[in-house]
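You will see subunit A twice below: alongside subunit B first, and alongside subunit C after that.
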Partner chain A sequence: MFCEKAIELIRELQRMSDGQLPAFNEDGLRQILQEMESLYEQNQSDVNEAKSDGRAELIPSIKLRHCCLLRNQRCVAAYLYDRLLRIRALRWEYGSVLPANVRFHMCAEEWFSQYKKSLASFMRSLGADGLDITQDMKPPKSLYIEVRCLKDHGEFEIDDGTVILLKKNSQHFLPRWKCEQLIRQGVLEHVMS
Partner chain B sequence: MDTQSYFPVQAGVGMEENFLSLDDILLSHERLPVRTECTFPRLGYLEKSSDAHDIAEGSKMELPLWLSKGLYERKRRVLSVELPKVYREGWRTVFNADPNVVDLHKMGPYYYSLGSQMLHFDSPENPDIAGTLLQTFIGRFRRTMDSSQNAYNEDTSALVERLDSLEKGLFRSGQSGLNGFQSWEKGQATQITASSLVLNYRKRKINDLQP
Partner chain C sequence: MFVTDIRKEFYEVVANQRVALLVASDIDALCACKILQSLFHCDQVQYTLVPVTGWQDLGTAFLEHKEQFRYFVLINCGANVDLLEMLQPDDDSVFFICDTHRPVDVVNVYNDSQIKLLIKQDDDLGVPSYDDIFRDEDDEEGGDSGNESDEGSEPSGKRRRFDEGAVERRIERQRAKREWEARRREILFDYEQYEYHGTSAAMMFFELAWVLTKDTKDMLWWAVIGLTDQWVHDKITHMKYVTDIATMQRHVSRHNHRNEDEENSLSIDCMRISFEYDLRLSLYQHWSLYESICNSSYTSCNFKLWTLNGQKKLQEFLADMGLPLKQVRQKFHSMDMSIKENLREVIEESSNKYGMKDIRIQTFGVHFGYKNRFLANDMVHACAALLESAEKDDGDNFINALDSLSRSNLDRLHSGIDLAKRKLIAVQQTVASCICTNLILSQGPFLYCYLMEGTPDVKLFSKPMALTLLCKYLLRAFVHSTRNKRCKLLPLIMAAPRDVEKGTVIVVGIPPESETSDKKNFFGRAFEKAAESTSSRTLHDHFDTSIIELKTEDRSKFLDALITLLS
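Right after this comes the complex of A and B.
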């Protein structure tokens, strides 16, 4: 039966239902496009025959192949769109700079950099100086928060110029907007007193 | 509640499918028993059992839902689709008697959605099928809702294993609401947490590195 490869791609994505991005299955996509091409060619020749020789009984087969083409198109569109949604989630979870192992799984950075730019220009247009809407995902209760370091992250500079050394298990009292990014990435831990 | 950034396309409700929804695509991959009402020349290779060049009229095959939907025409020239077992008279009486005892996951994980799609094929039993689907859902909903709102911090696999995929989605949203409320009660609602996506990537990286 046709369109088996297409459903395999969809299953691949469905397996990671939490939103992680699996490697881009270029091979699979190429196979689907080849299948679509061969179906299309068969249909073309059948349509010409049906028209010129008046063989109307070929029409159900033509319709069947056409359904397969539409199905492949749907699967490919859904596959690409779902990957797009996952890459978008990466921007909101990781911030602008993605670590290498994540970037490796994307086929091209194009869409991600365009999305980053759109988001940045939108944020700049809000308010007087722009507003970072990727901050404060939970309602803030105070300007400064207590954080504990979960792993060595080297030196960290805050607005007034002081440099803080982030060593494992050290605790600091830092401005919220500087550390939110690091907490979401798992480097720091928000300590509630 | 952990803020979520990945919002997949939801499955369609009722007789409509969402074009880009992964759930709907997997659902429409389910196979149905059909009987062809006309010949399909040059497609004989799709039928594993025979070596014919064409698919003859009146042959019984199993076609996926997407193909059956695409080929089906009201004038009945092309295909006639038989109802799968679960939607037939026999099983319908079981569902009407007591919807709670049935293991819907085993009956095909997409019981409600597939049932709604079967209504496209103009079977004379359509009103009964639709009625049974609705009554089954109403009968089971109370238990799903109760269990999702009261199972806090425990292993829910026993509760979830007999649920159809639609009910599982409802159970999950119930659970996430419950967890959000509990964390708010404990005062953890303002605590910034590491994003679960990031943690999962990190776990995967460690697994990738291990030989």
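Right after this comes the complex of A and C.
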């Protein structure tokens, strides 16, 4: 059936709905493009035939193929756009350097680096020294938060040069911005009392 | 040295610094820690909190953190030992110690630079005066020996006359020195002989909060729990408990005063602390009344519930009060309102007839939300059960117990209450079996009981607080059940297996049970001496010196040494 491959691509993305990026399905995309090509060629020949021979009964099948072509186009565009949005979210989630396991699935490194550059130039243009808008995604309640260490992480340095030893089950009261990274990595846990 | 103005000398010093908090594993320390943490949150003082369970832990934690921190706050640990010698810190490390363990080591008292004690000085401390213990090096000794060498090399007629005078003076000085040293040893021995506890650390920190006018009801509640912990675990005398309750009562009425004028000013979710003259039945509001009576040590010992007679008396008691068995055996919340209304007075009247004069005790209760009412007692039992839960390791237990003290972690508190119920039942059953099978033996100067490995719930009793609780209940039960007048005045030593693979037992000693006991425990020193004399392999790791770990094989010779030592 036509357009099945396209639906498969969409389903693939839907399966991983929590923002993870599955591997780029080059094969699927190529198959869809091939399908589109063959449909287009068939349509071309049919249109020529219909025009020259005046065979009006070919028109419905031309219309059908045309609809399939449009549908394939929409599906592919949606697939690529959704991946783009997910890659953009990665920048906000992980910062400008992506960890290795995330980068594995991406093939559009170029777009990512361009996005990074434009975001960075925007941030630099705000205020006197620039403002890092990727921090504090939600308005913070306090400057310092209490965190609990879930696993041994060794030594950790904060802005004024002091070093903290992160040992399992120790609790610390640290500046919020330093802890966010480690909270995302799962080393620290925010304690709300 | 003792800190006189806790705000200036402690809080303002650490306010702009980073502090390491080393907290011992008992409820009072946890409460004190919570109070200090909220003060630090208020003022954004950066800190690191490390739980410690014994001296070794303290040493390790100090070594790990000494590079990064200059200020250390020790809660409920460190006062009763020479800290500087044990930890060997750098000269710029400062220790603030808030500890209930007494006697405070004399070096800690007289060190001016590095050790600051956050302890009230009017807590009858009895610290020996400086001159009695410390003495500067005698310059005259040096002069004398110089003279001596001169005399040795050139004895002449004239010098011989000076000789005799100098020799006499030297002999006199040496005799005085020996006398002084003997007196010093005696003074130190008297001072360090008995171990006891002082004012709760949580109350000290609450006072700090009050001086800073940053005290809240949460902090007040934690201070109350810290004080109640001292009473539940029998660390302070009844007089002291009553005095401290009066102090807390002043704070409670000050906090409640704001709401007296308007009727409905406070929302139901706000916290209300109230003074209660409530029953001495553990966890009775979260259990059924019957179970609570059976498993609280006061009632169970007075009725002697391990005997058939005792059971009958209990039934009589309930009948006397007019409480139907069906009501009494169901959950307290579901009892009829008509019964619950005057329950306390009814129980007090009837228990007077059965010889239980103090069934009611002064305490505090908290009330927040529609169904959350807790007495300070309940919180202490729940928290202690979480702190020593056998299922998880020490670090997790500490975190769980610390969390359960916050109002937002009610499910943890409820799980703690369940664990506490199981623990109380286990204690009761063990006490009953020990008394019925005569496991308590009189060894002369003390009573002794050993829990065999196969005893049910013995894992629960491999932890110090639980074992101490069992020990106290057992002694009380024994005193009520024995007819031997002499045995009633003896202290009790109890041993239970601690670690089966390593083959160690944990040994706990408690002072004799009496109405007016001053809770002073001499077993710390006794254990040390006995271990030395028999070279048994012991580990004096716990902050309470009367709790030690011992290798199972050395048990009998250790006991023999103790018997000879104490008789």
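Operating definition for what follows: the second predicted complex is superposed on the first by the 174 of 193 C-alpha atoms of A that agree within 3 Å, B and C clash if a C-alpha of one lies under 4 Å from a C-alpha of the other, contacts with A are read in each partner's own complex, and residues count from 1 in each chain.
FYI, contacts are C-beta pairs under 8 Å (C-beta built on N, C-alpha and C of every residue); 3 or more make two chains touch, one makes a residue touch a chain.
A quick note: this is a predicted structure, and the numbers were derived from the prediction, not measured.
In the superposition on chain A, contact is made by A:Arg74 with subunit B only, not with subunit C. In the superposed pair of complexes, A:His153 makes contact with neither subunit B nor subunit C.
Of the two partner chains placed by the overlay, only subunit B lies in contact with A:Ser61; subunit C stays clear of it. Greater residue coverage of subunit A by touch, when subunit B is weighed against subunit C, goes to B.
When both complexes are overlaid on chain A, the residue A:Met192 reaches subunit B and subunit C alike.
By the touch criterion defined above, A:Ile164 lies against subunit C but remains apart from subunit B after alignment on the C-alpha atoms of chain A. Of the two partner chains, subunit C is the only one touched by A:Leu174; subunit B is not. Once the two complexes are laid over each other on the shared chain, residue contacts for A:Lys116 go to neither subunit B nor subunit C. Across the two superposed structures, the residue set of subunit A contacted by subunit B and also by subunit C is 192. The touching residues of subunit C, counted against subunit A in their complex, run 18, 37, 40-41, 44-51, 64-65, 67-68, 395-396, 398-399, 403, 406, 408.
Residues 3-9, 19-23, 25-26, 29, 38-43, 46, 63-64, 66-67, 70-71, 78, 187-202, 204-205, 208 of subunit B touch subunit A in their complex.
Contact residues on subunit A toward subunit B in their complex (touch as defined above): 1, 3, 7, 10-11, 13-14, 17-20, 42, 46, 57-58, 60-61, 63-64, 66-68, 70-71, 74-75, 77-78, 81-82, 85-86, 88-90, 92-94, 99, 101-102, 137-141, 145, 180, 183-186, 189-190, 192.
Partner subunit C is touched in their complex by these residues of subunit A: 142-144, 146, 148, 162-165, 167-175, 191-193.
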